[in-house]
Every structure is written in structure tokens, then in C-alpha cells.
């Protein structure tokens, strides 16, 4: 009798695992919901607008994805350093942000092909003694970076003598720190810095023309969601071809147009 | 993540955890000293008979006790720069902790002083002592005995509260755990390790409380 | 400038309301669940069973000895590893309920132990079962000791709920954190946040004080 029970249990288990490997896309369709991890406050890619609505470049692209899939979308927001752990722990199906597909991150999560290119830059408060990247190399300079971002590692490499301060949260905190003098210089993606500096009076910051690095930006999902990854790459190809991606980037990233509406 | 719990990475990051632990300890110590200072001043103000000092002291204590420490921390962190005060994060942290715990310390001191039986005070008066002498020779020594256990309890609370400083980028113990999560994507290893370190501090302080209870001759003193 | 900022903040009024609502809902649910669980744990802890008592004691010590922030991180990021899928709200409720229950457990234990053993023995002699003893003799008298710190614990719970903002829950503190990045006036924004908490907490603090006075006056009277 016991063996029979074990046998049935074994079959059931096999059935379950078979169902589990049915594919993420099927699961998402069955669930009717796409769960997306985004950054809480990282304009222009993901932000909470004045009326409390969640919007931004990556957010709109994710909404487009859900629409094409035919499911509704649920956003889960995290601090920058919480995005990958959230994806890995299964809270979200995918992650959309202005994240660079580094080799270290690639060991944990699967990245799509890049949807745009940007680079890390240095910024300082206008009118201070820090007028160039060289100035920031001085010993003891306080450099603000984002916890868990590529800027953190780049700053450590580019400014070995400086005092690197990692802020937990999002890009706007770096601008805040530089603006009120808690840091002398900041390092972050130029697209993020430009988009976030619009919250301050024009000309508050000096953004250095020279970039510390060139970086692609991509979305990410888990390695056990290969079908979702393939679909996302297909999606990016499509929206590149039909111009929707460019329209999105032109509105959010390449200009300040979005500021008027949000 | 849990299946491959990496002890090797924890050992690799041990220096960082050690640094974080040390930072937490001296941050808490400084904040506690600050809290004592603030608390003594507030308690003194609160025990005055006149309204001039009592009312603002009570208002301050009530305001602090009815609002969360995190909100107070953010208030100082985001607010002080507007007043032109650019302070390093850890200073803001110590300030917030001192001002917050100070309110609780004030109440502990007040309760301690008020717990002295009236008979003692009257005996002091009958012996011809002045207010200051009464305070110094009768009330404060006894109040001291009574307040040590709850004060150590508040110290324990302070150490736990110091974890919030990680949210304003102070490189203390909790931040070390966060780094393990963000650098190596190992939140389990990071947070379980720092929990262990905090427990170390907790039992250490509790031991101190028990020792001091026995030393001060308080039978069955518990925090 | 201030007027402009106030207007900007006023524009976030719906967001602020949501944040306040989240804080209230979180606190209320954890309060109710935590009280139930806390009483249960407290009663079990004073039971005779050494194993259960010890286990509960160890767990309570664990929760009282570690920062709530660390507990929240652990619950949110680690539990899913054990197969329990959690969104931020559920994680927050679990963490807060657990915290409340542990502290309430200790309060209840102190209350139960304060009831004179004479009462307990009299109840035993009258043939009451353990459950009846608890319900009709011990707990009603313990409540005198339990009620003031219990209400005090509720205040602590509401304040501790602000820590769940660290895992991204949009409570009142998180709303302040979001708004201050758009309206860079920390003094104004967090003054308003503090005001929000004050309005919710202060009545409870007054209640706890009133209860303490009333119970303190009645304390020591044991009717036999």
C-alpha cells in the first residue's frame, strides 16, 4: 500500500514539475498579469508624477509590453539596489530600468539586448570650485554615487583618492547631496542626471562633457525564463523598427518634454 | 539563494562587517551620551514648578514620542541643509538619535526621581538640607539606582535604532549587510550575519544590565 | 518660495492620503493580529510546558534583540527563498504582527505573573480548569497591569510601521521621502509627515497615560 502511495505521489510531483516548466509566457497569460520591478524614483525612466501616478520611459515601455501580451500590468517599486534581488526572489517577472548589463550582473540575471546607450558622467554644483573632472580627482573629495549602480564602481576606479559615498535609493538623492554640499561631485548616467536635474532651477549643476564610460541599457529577467527573454528581445526589435522606441526615448530621455506633463 | 548559502563570501566580507560593528558601537555610544545630556536637561526642565520651562519640555517630549524616529531622521537629514547646516551624515544620525532617545531618557529620569518616597524628601527637609543638598545627597543617589536598568534598556533600543542610519548612507552594520545584497546579490548572507552581530550586542548589553543590577543591589532587576 | 512649495505639496494631496491610509491600515491589522497572537503566546509562555515556554522565550528574545529594519529585510528578501511568495504589504504585515506579538507576549506574561498566587490556588481549589482559570480569574486581574503598556505598545507599533517604507511600501514616511525629492524642502515636508503621525498617536498616548493613572490608583486592591 505504501509503495502505491509513494508511486502516486511521485507521479503527481512529476506532473507538477512538468506543469512548472510549461514556460513563463504561458504562466503570465494564465495569470493575466505581468509583474514588473521598477525603480521607485529614477526619472526619466521610472518616477512618481505629481499626481502620484507611476510613469516614465521604462514604465511606458513595460505598459506597452503588457498590452502586446494582452495582460494587465502590476508595478513593484524598489530602491536601485533592491531591483535584482526582487527579480531573483521571484517577486517580479522582469525588471525595467536604466540598468547596465554588466558581466557581474549577467551572472545572476539574463539581460535583453540594449535599448539605448548612455554613459556615466560626473556632475558638480555650478559655481563651486569643482569645475572639471580633474578637480574631482583631488584627495578627499566627496563623491556621491548610487548604491549598487555602475557609477559606484566607476567612481572608485576613476577617483581612487576620493571619499566615495554610496546613497541608497535613487539618482535624485545624488543631485540633492551635491546641491546642498554634502558631496562635492556626483557620478551617474548622463541620461539620469539630465532628467533629474530638471527638478532644480536651470543651471544648478555643471555636467561634465567627458564621459567616464559608455554604457548600454537593457531590461532583465531570470535565466529560467528563456521564453520571456526571447519575447522581450523580439519586442525591442519591433518597437525599434516601427519607431515607437525612438518616440519614447525622444520624449523622455532626449528632451525635457515630459516635464511639462508630469 | 538559500541552497547555496555562501559562508565563504561572509568570511570574505568579515572585515567589512567588523568595521560596521565598530561604527555601530561608537555611534550608539556617542548618541547615548548625547541622549543622557538631552534627557537630564529636559528632566530638570520638566521638574520645575514654574510653567516657563515645564511646558516647552513637555511639548518637546510629547512631540518626539508621538512621531517615528525615521521621520525625525529624514526631517533633520533633508531639512538641516535648508538652514545652511551641512553636516556629515553620521553627525545628523547621532543628532537624531540623541534628540529622540533624550525624550525617553527624560521620562525615565523623571520616573526615577518621582519614585523616591516622600518620606525621604521630608526627612531631608527636616534635617535642614537645602534643595541642592537634598538633590545631591538624598534624591539623586537613590534615583540613580532605580534608573540604571531602564536606562540600559533604552541603550539597547538605541543600538537597534542605529540601524536606521543605514538609510541615510552611514557606513554602519546594517549598511554592511546591504552591501552584500547589492554587490553580490546575497541578501540572505548579508542580513542573517548582521542579525547575528546585533544579537551579540543585545546579549552583551543585557549582561551588562544584569551585572549592574546585582552590583547596585537591586534584587531581581530586569530590563 | 514657501507658498509655491506648499502648493506643490498640496498637489500631492491624494498621494499623502494614500500614505496615511496605508500607515493606518498596516497598523490596525498588525495591531489586531499582534494582540491575538501576543496574548496566545503570553498564555502559552506561562503554561507549565518548559519546551514551549523556552522556545517562545527564545523567539521573543530574537525579535527584541535585532533591529526591526533588519527583520523587515529578512522577511522580504529571504522568506521567498523558503517558498513563501510575498509582496511588500504582506511582508510588512507579517513583520509588524510578529514584532507586536513578541512585545505584547512579554506584557501579558508580566500581567499574568502579577496576579497573586493565592488567587490561582483558590481557583484550582474551586475545581476550575486551566482555561477557565485563565479566563475568569487570572486574565481579568492581569488586565489591570496589561492595559496601560498595551496601549503604549500600540503607539510604538504605529511608529515602527514607518520602517516598512524601507522595502518600498508607500506609507506616510515613504510619501514624505518621495515628495521631498520633488519639493526639496525637508523641514516643511517632514514637519507635515510628523504632524500626520502626531494626530494618530497623540490620542493613544493620552489614553495610555489616563489608563496608567486609573490603574495605578486601583493597583494593590485584591478582592478575595
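A, B and C are the chain letters, set down in written order, and residue numbers restart from 1 in every chain.
In this section, contacts are C-beta pairs under 8 Å (C-beta built on N, C-alpha and C of every residue); 3 or more make two chains touch, one makes a residue touch a chain.
Note that the coordinates shown come from a computational prediction; the quantities given were computed from them, not determined experimentally.
Give me the fewest steps it takes to get from subunit A to subunit B if each step has to go to a chain it touches.
Minimum step count, subunit A to subunit B: 1.
What is the chain whose Cα centre is as far as it gets from that of subunit C?
A
How many angstrom lie between the CA centroids of subunit A and subunit C, rounded to a whole number?
35
Round to the nearest whole Å and give the separation of the Cα centres of subunit B and subunit C.
Computed value for the inter-centroid distance: 20 Å.
Quick one: which residues in subunit C touch 2 or more of the other chains?
Expected reply: 77, 81, 177, 184.
Check each residue of subunit A and list the ones that touch at least two other chains.
82, 85, 89, 176
Taking each residue of subunit B in turn, which ones touch at least two of the other chains?
Residues 1, 78, 81-82, 166-167, 178, 181, 187 of subunit B touch two or more partner chains.
Contact residues on subunit A for subunit C in the complex?
Per the touch definition, subunit A meets subunit C at residues 40-41, 48, 50-52, 76-79, 82, 85, 89-91, 169-170, 172-173, 176, 179, 199-200.
Using the touch definition from the top, list the residues of subunit B that touch subunit C in their complex.
1-2, 62-63, 65-72, 74-75, 77-83, 156, 159-164, 166-167, 174, 177-178, 181, 187-188, 191-192, 194-195, 198-199, 202-203, 206
Quick check: in the complex, which residue numbers of subunit A touch subunit B?
81-82, 84-85, 88-89, 108, 147-148, 165-168, 176, 180-182
Could you please specify the touching residues of subunit C with respect to subunit B in the complex?
Going by the criterion above, the answer is residues 61-62, 64-71, 73-74, 77-78, 81-82, 155, 158-163, 165-166, 172-173, 176-177, 180, 184-187, 189-191, 193-194, 197-198, 201-202, 205.
Note which residues of subunit B are touching subunit A in the complex, please.
It comes out as residues 1, 78, 81-82, 86, 88-89, 166-167, 169, 175, 178-179, 181-183, 185, 187.
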